[in-house]
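Pasting a structure here, questions to come.
Labels for the chains are A, B, C and D, by order of writing; each one numbers its residues from 1.
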Amino acid sequence: MLTVLISTIVLAIVGLALGLLIGFAAKKFDVEVDPRVESVQELLPGANCGGCGYAGCADFASAIIHQNADPSNCNSVSSEALKKIGLIAGHEITVRERKVAVVFCSGSYSHTSHHEEYNGIMDCRSASLVGDGDKECHYGCLGYGSCARVCKSGAIEIRDRLAFVHPELCIGCGRCTQVCPRKLIRLVPITAKVHIYCSSLNKPLKKRASCMNPCLACKKCARTDSSAVVIQPNLLQINYSNPPAPDFPERVKCPTGVLATAEQHLKLELLPANCTCGKETKKK
Amino acid sequence: MDFHTLLLVTVGAILVNNVVLSRILGICPFLGVSKKIETALGMSGAVVFVMTLASFVTALFNRFLIATKFKVNGQEIDLSFTRILLFIVVIAALVQIVEIIMKKFTPSLYVALGIYLPLITTNCAVLGAAEMNADEGRSILASTLFGFSTGAGFGLALLLFASLRERLAASRTPKAMEGPAIALVTAGILALAFMGFSGLVK
Amino acid sequence: MNDTMKQNEQKNMPGCEMLVMSTSPHVHEGSSISKIMMQVVLCLLPVIAASIWHFRFHAVLVIFYCSAFCLIFEQLWDMALHQKSTLKDGSALVTGLILALNLPPTAPWWLCMTGCFFAIIIVKQLFGGLGQNPFNPAAAARAALLAGFSGPMMTWTMRAPAMLPPTVQKAAADFVTSATKHAAAADFQTGATPLGLAKLASGSESVMDALSTSEMYWRYFIGNTGGSLGETCALAILIGGLGLMFLRLIKWQVPLGMLGSIALFTGIVHAFAPELTPGPVFHILSGGVMIGAFFMATDMVTSPMTGWGSLFFGIMIGMLTCIIRIWGGYPEGVSFSILFMNALVPLIDRIFRPHPFGWTSTRAAGVQMRRGEIK
Amino acid sequence: MSLTNFKIWHFRGGVHPYDGKELSNQVPAQYAPLLEKYYVVLRQNIGKPPKLIVEKGQHVAKGQKIAEADGFVSAPLHAPTSGTVGDVADIPGANGPNVPAIEIIADGKDEWDTGLEPIKDWRQADITDLRHRIAEAGIVGMGGAAFPCHIKLTPPIEKIIDTLILNGAECEPYLTADHRLMLERTKAVLEGAAIAAKILNVERILLGIEDNKPDAIEALNKLADQYGVTVVPLPVRYPQGGEKQLIYALTGRCVMTGGLPMDVGCVVQNVGSCAAIYDAVAEGHPLIERYTTITGTPVVNPSTWIVRIGTPVREALGFAGGTKSHAAKLIMGGPMMGFAQMTLDVTVTKNTSGILLLSAKETGAYTSDPCIRCGRCVDNCPMHLQPGSISVMVESEHFHEAEHLNVMDCMECGVCAYVCPAKRPLVQHFRRAKSEIIAERQAAKAKAAMKHS
């Protein structure tokens, strides 16, 4: 009994002494830590995707508090969480729309003309350094899948040397937009369901010669609804500040089918091997 | 305490009975902080420091409190059963203090080490070193040296491992084996290499 | 307009329809991985021949088992991962042969299989295959077998001429009887390797002397002694090793550093404590030092890439081998040392990084120039 | 000048590939026949492309300026023949898919009107005038880099220049353009060098030439003393003609990492540029044509031609008789550093030293095999880098590590990929790393500038 008592006392004394020591040290070497950073970090998704431009969620949280970074730079944070972050950080936060990535090209390998063979690293950024890729259209998708490799949510699929985004999987981090050497991938509001899948600024004749699904700038869509599209030289784009309804493609009946919803675009059919319809465009 | 014994203690703790690769202690930080050489060096430094200090302090406690038989009311009190408890308390407190000091003076290293710094508390290698000292009945000087060399052995293993992992990070490991999986295989082969030193110190 | 213009109006160049795009350079020297591996196999032939000469059918069997199992495991792995077969790069065959040369002649088939599995699957393929493994597959497999199956790995049988000569046997017997604690040492007569004996009889100057006579040296050199398949005949290894150097498949710094440091280190120890170990020639010629220096430590994948790094790498392997041999628990330490130094290779590459051309400061060059020292 | 006791420093590394020069080095260079149309690519030099100064439909004389320099680091362009200016349209260029080019439709008269007076007594002429003349003639480095020549001849005042080095090494396999040039226009090369030396005010002129061109060495030696040039035969070793390697070989001076030849008191000029300087100064002719080797085993008559800038490659191959067998690659330049082309529609530019066709047997196909760390690239790299390790780092996108391994010092000579047994596309990895690192540096710079303002 005495042993237990004494050992308890000894332990208590040692514990007390060490506790005092720690308390003293904590006081002496105190470092201010902002508790708000931690609570902001808890509200961030924690995927550390780097889409916001910071090294990770923790870094971003600290930037929100200390450098007034805009929390809506994170595309994957929900609007409720954004509001809460705004309350914590104490600055006004405009709730931004969620965005998804879109690859603005429909030129799969069998739909485009391509004349030379490429022998090198199977990576878009490396391939673009050698004669700028093997497809004739120098605005289109190279299709070596750099974007698919950096996508953390597996939303990008490469099919017949063309990248497709599955919008339901995309978290809008924007990493793919940074790696694409052709800058084909852009983030658009998730409410926009219809896109014009072409980025080529070539003249319509040249486009026709190099690709089966280009935007020929015929302006049929603009005639259908002029507020839905933005007219640029040789290329039309969807007006993303006023995106058209999903039935827009049916109403327009785009002659090349480049104006389509994501679902329609994903079904972009591959040419059967003996198809002759593309022959005259494939020959230069 | 002659020089020869001290040399044996040092070589034994660093190479022959390497705390990580032979005694399989402290695997958590070994796997956790070995992705980059720089953080591995920082961690090694912290562990060497904590281990040396902890071995010294626990040896003091062992010598003057636990191993001492004293009498109260004519009854002999043996406190040796409280050894582990005492050691844990002492080590935990030490790590806390190291952490506080580090946060103040080397904040970047503090951030880089992250969760693994407080985990030195539960790093069984530190407690293991203290326990081994007590078991072997080493003197305070030998205990401190043993703590230091065990830490150095941990550091050596961690450094080797970090450099290997930096190379592995750039290699074409199969998807299923990436990360900790291949790291553990590497650690196994590394342990095999250290086996060659067995028998150096009887 | 003149006629030449029309004459040269050759619009279509035949044969230029399918041009290949790639970066420069557009020509290649013609070497390939499989060629390199076949050259290594070629250089291994003298060693294989010597092992077959010394161990006859045992050697044929072990070499066959090891190469077959290595190739099978490599193929199985490729099939399991649905990838292109990597058999034709030849690295599995080289691993199999070198592993076989590191096994005792009596190695049973299951020992070979375990070794091959360890070498090919665990040490090589799990890391990503050829070029990705930080450890030498053959050395790692030998070390693993030594640790796991020390019995079959230490059983040496040999033909009568390879037995230790009577002088050595007598010296050893005297030592054993005088030191009764070595009661388990009775099997030296049936065929301990010289290294095993040196370890066993550590402390006896007479045994060490008996082991390092010129007659014994000659035996080690031509391979008339016990040991693993490929390590006994130093002459054959030397021929193969020089072939490797001639074909520029290995860096000469590794064998030089390794053999040099072993000679120096054991020379010093022998001079101060002759009862502890035989002389440097014994250490270089016996055991796995030769095959390790020329065929295992020099493995491209697991050795440093720079010359100075390789020299340091070789020296350190030599030192560690000596330490393990003289003071360690194992009679032989080559594979352990190689394995240990393999782990250090990334650090060595980091430390011995070459300076780029023009690293020397221009300021110094400019000063020299103005002084007229460079003309 | 006596050659005895001239010390040659040997650079470490390098290779000796099959040089294929015997295909074309004994054939005298011929003037290319006049074509109907020329396409002069606007961007032919490092730095800013020149500004167009002619209009569609305008008549131009041969040698008339059609685009003028835009800023200091820029060089003007001149009409390759007399005729009418056609469209300015994008054509496939030698180093990019869509480059603007000026179409010149020949009128067949081929009349000179350069507006440049020959300066016959250049030894008495003003240095500023000479410099101005070289800039006006649109001369660029004709060895490959196409750096405007007048800038090299205008070193900053604080740099002490004591040596002019002429690069006649022509270490690239297959090419014999410089060889024929030195043999046939010896006087022009040496006199051009003397002009450059006068501008730079240097006494010492060294001409480095690989010793596989004995006839050219002999021809040069006959006239060299007259112009104060020392002809130094160098051992055949690629890349002997690399700027840094050549300076080291001739003077023993090392150009520091990221430094320029003028940091060690040297200016390097290609022999082709020297001949062009002579033409510009003594004849009053701007740079509108150059020696170009049209060679390769699929070519019927491998030979050297004096072709005009803007000649389509399709026509140029026609000069040499066309092709006789299948060609796998069309290369502008040599096989080690030249650029593969995807069509025959590319045109000759000021730095096209060769048009090379290679058969599938001669070119090595790159693979995606792993690095086996054999270290051959390390042994042979003339810049003393670790190409294998760098490529592994780039492959796994560790660009910072690649930067630590000094990838920015790489000059893309291609020695590493030439010896790599795994046939890895090493140079492509380095280009990738460089472009990523440069992009990152620019981003950091922009960020810093933003913070500053």
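Please note the rule applied: a contact is a pair of C-beta atoms (placed from the backbone, for glycine too) under 8 Å apart; a residue touches a chain by one contact, two chains touch by 3 or more.
As the structure is a prediction and not an experimental result, all values here were calculated from the model.
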- Message: With contacts counted as defined, which of the two, B-D or A-D, has more C-beta pairs across the interface?
- Response: A-D
- Between subunit B and subunit D, what's the gap in Å when you average each chain's C-alpha atoms? 61
- Message: What's the distance between the Cα centroids of subunit A and subunit D, rounded to whole Å?
- Response: 42
- Message: Can you compute the centre-to-centre distance for subunit B and subunit C, using the mean CA position of each chain? Integer Å is fine.
- Response: 34
- Could you state the distance in Å from the CA-based centre of subunit A to that of subunit B? 45
- Hunt down the residues of subunit A that sit against at least two other chains at once, touch-wise. 116, 119-120, 129-131, 134
- Task: Check each residue of subunit D and list the ones that touch at least two other chains.
- Result: 339-343, 365-366, 370, 395, 425, 428, 431
- Contacts with two or more other chains, residues of subunit B listed in rising order: 171-172
- Message: Please classify the inter-chain touch graph. Allowed labels: line, ring, star, complete, other.
- Response: complete
- Item | Touch list for subunit D against partner subunit B, complex | 370, 392-393, 395-396, 398, 401
- Note on the structure: subunit B contacts subunit D in the complex at 169-172
- Query: Where on subunit B does subunit C make contact in their complex?
  - Reply: 37, 159-160, 163-164, 166-168, 171-174, 177, 182, 185-186, 189-190, 192-200
- Contacting residues of subunit C [partner subunit A, same complex]: 18-23
- Can you list the residues on subunit A that touch subunit D in the complex? 115-116, 119-123, 125-126, 129-132, 134, 138
